[in-house]
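Let me give you the structure first, and then I'll get to my questions.
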Amino acid sequence: MIVILKPGATDEQIDHVIERVEQLGYSAHLSRGSYRTIIGVIGDEESLRSEPLQALPGVADVIPVLPPYKLVSREGHAESSVVQVGSVPVGGGSLGMIAGPCAVESEERMVRIARRVRQAGANILRGGAFKPRTSPYSFQGLGKQGLEFLRTAGDEVGMPVVTEVTDPRLVEVVDEYSDMLQVGARNMQNFVLLREVGQTAKPVLLKRGMSATVTEWLMSAEYIASQGNSKIVLCERGIRGFDSATRNVFDVAAIPLARQLTHLPVIADPSHATGRPDLIPACALAALAAGADGVHVEVHDMPEEARSDGAQALVPEQYEELFGQMARIAELMGREIPAAGV
Amino acid sequence: MIVILKPGATDEQIDHVIERVEQLGYSAHLSRGSYRTIIGVIGDEESLRSEPLQALPGVADVIPVLPPYKLVSREGHAESSVVQVGSVPVGGGSLGMIAGPCAVESEERMVRIARRVRQAGANILRGGAFKPRTSPYSFQGLGKQGLEFLRTAGDEVGMPVVTEVTDPRLVEVVDEYSDMLQVGARNMQNFVLLREVGQTAKPVLLKRGMSATVTEWLMSAEYIASQGNSKIVLCERGIRGFDSATRNVFDVAAIPLARQLTHLPVIADPSHATGRPDLIPACALAALAAGADGVHVEVHDMPEEARSDGAQALVPEQYEELFGQMARIAELMGREIPAAGV
Amino acid sequence: MIVILKPGATDEQIDHVIERVEQLGYSAHLSRGSYRTIIGVIGDEESLRSEPLQALPGVADVIPVLPPYKLVSREGHAESSVVQVGSVPVGGGSLGMIAGPCAVESEERMVRIARRVRQAGANILRGGAFKPRTSPYSFQGLGKQGLEFLRTAGDEVGMPVVTEVTDPRLVEVVDEYSDMLQVGARNMQNFVLLREVGQTAKPVLLKRGMSATVTEWLMSAEYIASQGNSKIVLCERGIRGFDSATRNVFDVAAIPLARQLTHLPVIADPSHATGRPDLIPACALAALAAGADGVHVEVHDMPEEARSDGAQALVPEQYEELFGQMARIAELMGREIPAAGV
Amino acid sequence: MIVILKPGATDEQIDHVIERVEQLGYSAHLSRGSYRTIIGVIGDEESLRSEPLQALPGVADVIPVLPPYKLVSREGHAESSVVQVGSVPVGGGSLGMIAGPCAVESEERMVRIARRVRQAGANILRGGAFKPRTSPYSFQGLGKQGLEFLRTAGDEVGMPVVTEVTDPRLVEVVDEYSDMLQVGARNMQNFVLLREVGQTAKPVLLKRGMSATVTEWLMSAEYIASQGNSKIVLCERGIRGFDSATRNVFDVAAIPLARQLTHLPVIADPSHATGRPDLIPACALAALAAGADGVHVEVHDMPEEARSDGAQALVPEQYEELFGQMARIAELMGREIPAAGV
């Protein structure tokens, strides 16, 4: 950690900072520049973070030197992790290709869509049973029944299933029905929920928050890992931007950046990132070319009847076509697409 | 709701849209322009929102005409609501002046700070017992003990107390100890939590999410209100921006904007908005001049020992001085600062 | 154009809006909804834009229906344009692969780098002679001498050259020396400069402004086109974001979006978008996979001696390796990389 | 400047950095931490900025310690500057109250509006003759004739006038007709124009760019000052945000922040910041409460006939009412509003 002092900091203030640093068990390394004085603080940075050196008189700025996450960091864990979802490996050269409707709407429709996406090549099935909706008056998902329909569909077509959990009290039941637990963008900093899913043995799909920095996203993964569960797949799904032409800004550079900083797999969700079926294919391909470990796409066979986010779903025919293109890019990038399997 | 068709939309597509609109029980009003055709959809917009007209072939855009919130809307509820916190009225000309440390750290310190802020003029006491922290390794609050210390301090000095609740399973206990429940910025779209606090009888302090539009913020208030609890105070606390010089961007215009759109009181939190004690006073005064119904400020008597956010706390002397200035602006704006009282 | 009236708009106000619309030569189409009244305005939207209908009493909102650009719009010009830079076609399946140093520093170095990037496969050479720098104390470029060195290098290795022009008074001299004129991100809305380059016969490389919407970017292209010069290549180079880990946010979805809205070619600049050599390759490949008509990369053979933006340059070896990967993606996408040639 | 090395930096790389630092005439101060090594670079930071130490092998990050601006910095110039506009002092306790229409439309209207705003209490008259418009098809201002009408109006009512200059070739003529030169938000980083106005003797109104950090804004002021002209008034006018409810986000905290960092006066423009007449008054008052040295408001007597930005103008009656409120806040803040005077 580096402490930068204010221009007019007095010797007394400097001494007070050094004293405090040493009191906390660190050693201080003073460096007087022509215009500014800086103090290097040497020791375990982690425990220092919670000490408000910033509030000491004469201090202008405190700059951390180390990343604040450890378990998920690639420093000290150079090899890429592979997260097993059902029998599908994600990461380390294997792509997790997730597809399915935004919300589970009926058993029949769920099975029908599952069949189509599996046929196209997808290896993990998605479907929302508990839907976080901006409006209390919108369809909130079928709840437990939705979990059952999703499970049935997964079993029927032989795909592991992923579904969102939004309530710490429901982690147990969602864990029972699904092969992977999704934490949505709006809950990326719902630390209570993160801790709860960190105590299960299931892989977790952690979406990036709408205005989360990559560091904050990794800190949320660290929360899960700190509870003992390191089977985490990160998912870039667009950040908030100023141009209303797209729903979000698809931050494709966050994929290679995150993959550099963490050993965990990182996939992309171009459906939420763009909110527009006409832009999803280009962004899906971009994600794979940028090194993503998988792609998550919403597919619905009757978008105009969808009860949630229909306007951003691809129809199965579009997904099939896209899958062919994704497979070619994947091959070029030296990646494999494992077959589905529970 | 207005449906705008694509330039080349065929008659068949137009007919299909009209048919669908009528099927749903609305009436369609066709208007063929020189370049584009638009269809006005007449009827209760609410239920239409969940119908993905956007996904119909030939449709370019669907534009809602009404705000998506009803209970919290000023349309149909012109008079400003007053929310009672303990015996302190907030809104309708009365200012809620909330102050206290970021986290409750000990009973003694809590009582000591409470005494100082009450003396300065504050009428509601704050203190965090359950702290949502970016890092799993940071101090997470004293938990239930923190609630007890806060309650003791409030009773000792005669101030109602507000504290954050982050877990739906803890709403009951937080409700028991405090006079107002805070939903933090990171939980603004934790709909599970919103519903839970909406089922209590306590006033709720709803902070704006870091990248929430004003409409989304009001939709979150609507979630609470939809459960029967309309005692909601909104709090602008800064939105994410591109300039790292301040922690957030204090969106002062959101205060008059929100007050125009909703009948609920709207206060400001310049502590989190700026993250810098040197900018808090200017922003606190700006908030009141812009019409805020109160100001929330973090105060700590030993910032350098604070276990959370010490670097952004004012010391009691600074708060006292600021309070004097705030009182003068309040008077100019025709507002009253009620005395504290449980 | 659609005019939405306020909830309580009186008949008198509605009549006034209609009267005003008709006065301006348009026809008004009234549609009274259950809660709101809307008026469709039919006629040439263009001239209506400058009329502040928004300011009429009773008006809540005015929503344009047509895009505000015409010459650059794909509506009415479905075929993709090909822009010829020297003898290199850009667009319509041909990729413009631009490379070179941020700033021209010496003739010798310019020629040396030119040789390397040409060998790697680049077909257009870049180098800045007039540098827009955030600080008045930074190196501002070699000026006219820089133009000469760039021209010499281009001629020596047989590549067309592109360089930035920042001053309307210098358009003539930059036009004389270069094959393509660049308008930088900071000047995207320097309308005076846009008009001036619109009066030359040279192709223009128009970078997207740091906080420009895609519509605003296309409006700036429209400025150039409105002066008679439609040889415009658009360049996405990152938008401002909240995460300081990268210099900008590379908005990859803007590439397919812009290509949908305009017939002009759209290329990408991952060097400025990320500001980090370690992220440039992934973003360059992502851009091509998303359909970009070319990629612009800064290359320097001694980054640590570079006088401008050295820290974001690739060295020639890195560029060569990247070029091989880009060529493979290009082939997969069915694109060709024409050879350089003046 | 502080150089932070990568975790695995070798001794050879560290030596190379030190060697390079010393070669450049600085002294290096090595500090090996438990996990990371840092090097303090001691000497004049200014000239170091252009050296890409960041590009040296083994370097993770380079952190500047000093602000990059000097002439406009409050460090070494503690007293607030007063900028004289005609006979109106702005800064140091005196408020510059600028008002007038967005664009000059006719002599008669210009004089009429001037009379009204002067009567209300404004002391500087504004009016655009050269308008930077997003669309090439919008009204671009009356040009030189507009300057004449503005001058006439200013002289008639006895107010100094300010108008925007967008073209370096027109600085001379705008200088001739007006008392203050405005550089608009879109031109904040038009360095060519900044240099040109820096060579006049007239005060300059420098608007903040739409996505400029406060540091970049001050760097643009430094450009002007570096040419010899330090009569600069900064103007916060809103930054780009994600909520389309307002035109921009009024960054009120930037006012006290900038006033802390620079000795130059800082005023606010709530008209462009919000784009909505209903929010202008609240933001104008907020600006003054936050310490602004003045307020800039667009006023038009027939907004619905305005040829530019009519929808965001106040009518004279609204401005009068607002002025009364502003005067009361000003008094409370200990500020004076000098009378107009050429």
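For clarity, chains are labelled A, B, C and D in written order, and residue numbers in each chain start from 1.
Convention: a residue touches a chain if its C-beta (ideal position, glycine included) is under 8 Å from a C-beta of that chain, and two chains touch if they have at least 3 such contacts.
Model, not experiment: these values are computed from the prediction.
Undergrad: Hey, what angle do you get rotating chain B onto chain C on C-alpha, to the nearest 5 degrees?
TA: That rotation is 180 degrees, given to the nearest 5.
Undergrad: Taking each chain's centre as the mean of its CA atoms, which one is most distant from chain D?
TA: A
Undergrad: Which whole number of Å gives the spacing of the CA centres of chain A and chain D?
TA: 39
Undergrad: State, to the nearest whole Å, the distance from the C-alpha centre of chain A to the C-alpha centre of chain C.
TA: That pair's centroid distance is 31 Å.
Undergrad: Taking the mean of the CA coordinates per chain, how far is chain C from chain D in Å?
TA: Centres of chain C and chain D (C-alpha means) sit 26 Å apart.
Undergrad: What are the residues of chain A that contact at least two other chains?
TA: Expected reply: 211, 240-242, 244.
Undergrad: Contact residues on chain A for chain B in the complex?
TA: 20, 46-47, 49-50, 52-56, 68-69, 132-139, 166-169, 186-187, 189-192, 195, 210-211, 216, 219, 222-223, 226, 240, 303-311, 313
Undergrad: In their shared complex, at which residues does chain A touch chain C?
TA: 211, 213-215, 239, 241-246, 249-257, 260, 273-274, 278-279, 282-283, 285-291, 328-329, 332
Undergrad: Residues of chain D touching chain A in their complex?
TA: Touching chain A from chain D are residues 2, 4, 7, 29, 31, 33-36, 38, 40, 42-45, 63, 65-66, 75, 240-242, 244.
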